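Okay, so here's the structure we're looking at.
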């Protein structure tokens, strides 16, 4: 099954066969549907964990209760029945989305500013040559991005551009080519059925 | 009034997340739990809408497609076999299809974008650029660095341990440290841009809601006071 | 050439060549010829980190990234992460460490749960497996990471092993792990995230090392042999790039025409 | 414990507090630091100015959510203003769930009608298309099969005159993509550039920039707008200073903070090392 699905994607990419091309298109759409069907797997898993906590009144069970309540609200108001005023035009659904989910997402993302600072303070120390290289290139880059530095020392822009275009580009390209090789090898192993990680029978 | 509740709610959850910077605390746990609940529910609604839209799109156009749709749905339901002991292996069917498609997509695209295109770019980097010393040096550096990085990952055989490879390894490690260091430094900008965005939101700077500012001051005070007060009365320095 | 699509022929040749060399070495291994491999410190350290967690009486967190299985570049990384999970689960069950696997994708959850549960069953400890071992957190990227951070801050794992495709949450998770003093082994092929894993974790697998992690951990002859095939592809890539550039420097477009085939 | 030891083991929370101060202060009391203009901003400006011709059809794609807005929204607004000055048709679409939400926010900043553009004739909004890279590939083969109805009015695509001439990837001259992750430029390149040769320019967050450099060098991406600072420069080139210019002071101070902390950290590191000797 895995092999058929694989070939259906690969062959039409290299060979000009219209029938297969159409089949591949339909198959990809079908796969997206299959994946969408899995959506409740997550809900069930979350409920299994948190309903149990509420039931047993384990430490912090009221937080689990909070989770369940919000899952229920969002699932019910978000059902795709616009005819009954539900779905992405529902006012409760939208209110929660804009005033809770959006700020939470944005904040969570922005919290990285703090982490990147504290990690840099710890890691950017000239312990040895390699660490010193990280320190120098990292700090030059930080300076090259800030108008306060580039305005007084314009050459910083050229330096950081050079680092970006030469060592950084070389690193990314090397790692990328290597990762492509790794991915192909992994694909071969999976297709030959020897990489068991993802799909295991109960043998062993 | 309605706008105000909205502003205070948004500010509350924003600060709830930031409170983890001080330590793990109930404010964070509220924000975290609500986020989890909302996000799970939201994901479901997006997926269900997708299924419905697909059905009203191309899948309901002919009898053959409707039949296919039914088969796809049955396969989709097999995921749930996982939850009962007798049918748990059923989930492997949809999984096999999904994994196969993924590998197929990988095989057709990885080789092209991550392998060939990069080698083409390598080939287009000549060792000598007439009349441009700087570009010549840069190109030669690239021609040394990229193969070194690639060879660094060499897994098998004894060649990897040979003397010339030690030099390659050094070049590769230094290149990568410079490369990763610069990538790190560069990212600082993004992360701070995001935080600046959130700060503009908290301060109520347009296009954000001006009433955020008051909410920011009040809620930040309450959260900080409660956490620091608790630590103070319980005489324990919080763990970092 | 109407049958083969113009511009993709050379890509197909490369693909088939690499696949063939990988397959060749796998076949050769079946005949008993296994190449010697260099060690990767990060992979060797997994056992140490689990042992440390047990000593401290703390759980082990193991995550396989946040990607699906069907993304063309991130999907294989998820598979690689699951291979690592398989080994970590086996070790944890063997030494009695509590394992926690946070999952982001609904479609990946069943496999992750299956992998861990199977290891418990194989060791005859089926009753110790609970739904808390493999937790689905949220398909929202930061919903997932906020919950992961919360779990780490509360449970204070002794080891945090993350191998797979990560995006912005890489630093959120690994810096939190470092904050609570967990021993961290991380790895990803997402080039933009490697720097963060590199500076915050004890060991970091870079790029293709994650794909071979499964081979190293199982120590399966055939898996190891496939790495030799990968090395053939590596030499091929280096030669192609260098020769092509030399020819191009001399003003000949031979190689570029070849690529455009 | 000496002061230097303390600095070596600085409590993370002190760093966090400093970060708050260094960002909030310049936002409350703007410093008005000068902004030099880089080559990135110039090349983006000149690409849009010179390579987008009258009569072209452009895909305007917002591939980010509200979390990406601080960095990407200013450049999206500025580029939209730039595009609107030209006689081009544009299709708004995205493969990111929150894309339409962001676009609505963008409409509050720039209104195509002010530039004489008519919905359905000069531009159309197809909203969010789920399915990631797979859907991206499908869209390239047929707009009509991938998207049933438009996002604004919910009417079939055939009812809009603009869609008469837009059927497959070959009808598109340029993709402008603003993005925070996957799907993003690599997917666009694979499905649209490699496969159909459609040009693409990308606005991305700083973290994605190093990953984009190989594509820029190989010429697959025609222009790159990396992050907030360059957006501010672009706003100045366009002579429409906006959101990015306002935030750049805080960029300067926060970066200054990091450099200071790193320098102090290294001084402390070497001083304690000396002592131990």
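Lettered A, B, C and D in written order, each chain numbered from 1.
Note that in this section a residue touches a chain if its C-beta (ideal position, glycine included) is under 8 Å from a C-beta of that chain, and two chains touch if they have at least 3 such contacts.
These numbers come from a predicted model, not from an experiment.
Between subunit B and subunit C, the least number of touch steps comes to 1. Ranking all chains by how far their C-alpha centres lie from the centre of subunit A, first place goes to D. Summed over C-beta pairs in contact, the chain pair with the top total is A-B.
Distance between subunit B and subunit D, defined via averaged C-alpha coordinates, is recorded as 16 Å.
Annotation: 4 Å between the Cα-based centres of subunit A and subunit B. Subunit A and subunit D, compared by their mean Cα positions, are separated by 18 Å. Residue positions 12, 16, 19, 23, 67-70, 130-131, 133-134, 186, 190, 206-207, 209-211, 214, 217, 227, 229, 251, 254-255, 258 of subunit D each touch two or more of the other chains.
In subunit C, the positions touching at least two other chains are 8, 11, 15, 18, 68-73, 76, 79, 106-107, 110-111, 113-114, 137-140, 142-143, 146, 168, 179, 191-192, 194, 196, 199, 206-209, 212, 227, 230, 234, 237. Residues of subunit A found to touch two or more other chains are 13-14, 28-29, 31-32, 35, 38-42, 46, 98, 101-102, 104-106, 108-118, 120, 122, 134-135, 139, 142, 145, 164-165, 168-169, 171-173, 175-179, 181, 183-184, 187, 190, 198-199. Here subunit D touches subunit A in the complex through residues 10, 12, 15-16, 19, 23, 33-36, 38-39, 65-70, 98, 101, 130-131, 134-135, 137-138, 141, 206, 209-211, 213-214, 217, 227, 229, 248, 251-259, 261-262, 265-266, 269-270, going by the rule given at the top.
Contact residues on subunit B toward subunit A in their complex (touch as defined above): 6, 9-11, 13-14, 17-18, 20-21, 29-45, 47-54, 58, 68-69, 72-73, 75-77, 79-80, 82-83, 92-101, 103-108, 110-111, 114-115, 118-119, 121-122, 138, 141-142, 145-150, 152-153, 172-189, 191-192, 194-195, 197-198, 201. Within the complex formed with subunit B, the residues of subunit A that make contact are 1-10, 13-14, 26-44, 46, 60, 63-64, 66-75, 77-80, 87-88, 93, 95-104, 106-117, 120, 129-131, 133-142, 144-145, 160, 162-181, 183-184, 187, 190-191, 198-199.
Against subunit B, in their complex, subunit D makes its touches with residues 11-13, 16, 19, 23-24, 27-28, 67-71, 97, 105, 108-109, 130-131, 133-134, 145, 148, 186, 189-190, 194, 205-207, 209-210, 214, 217-218, 220, 227-229, 243, 246-247, 250-251, 254-255, 258. Across the complex, subunit C is touched by residues 13-17, 31, 35, 38-42, 45-46, 48-49, 52, 101, 104-105, 108-109, 111-112, 115-116, 118-120, 122-123, 134, 171-172, 175-179, 181-190, 192, 194-200, 202, 204 of subunit A.
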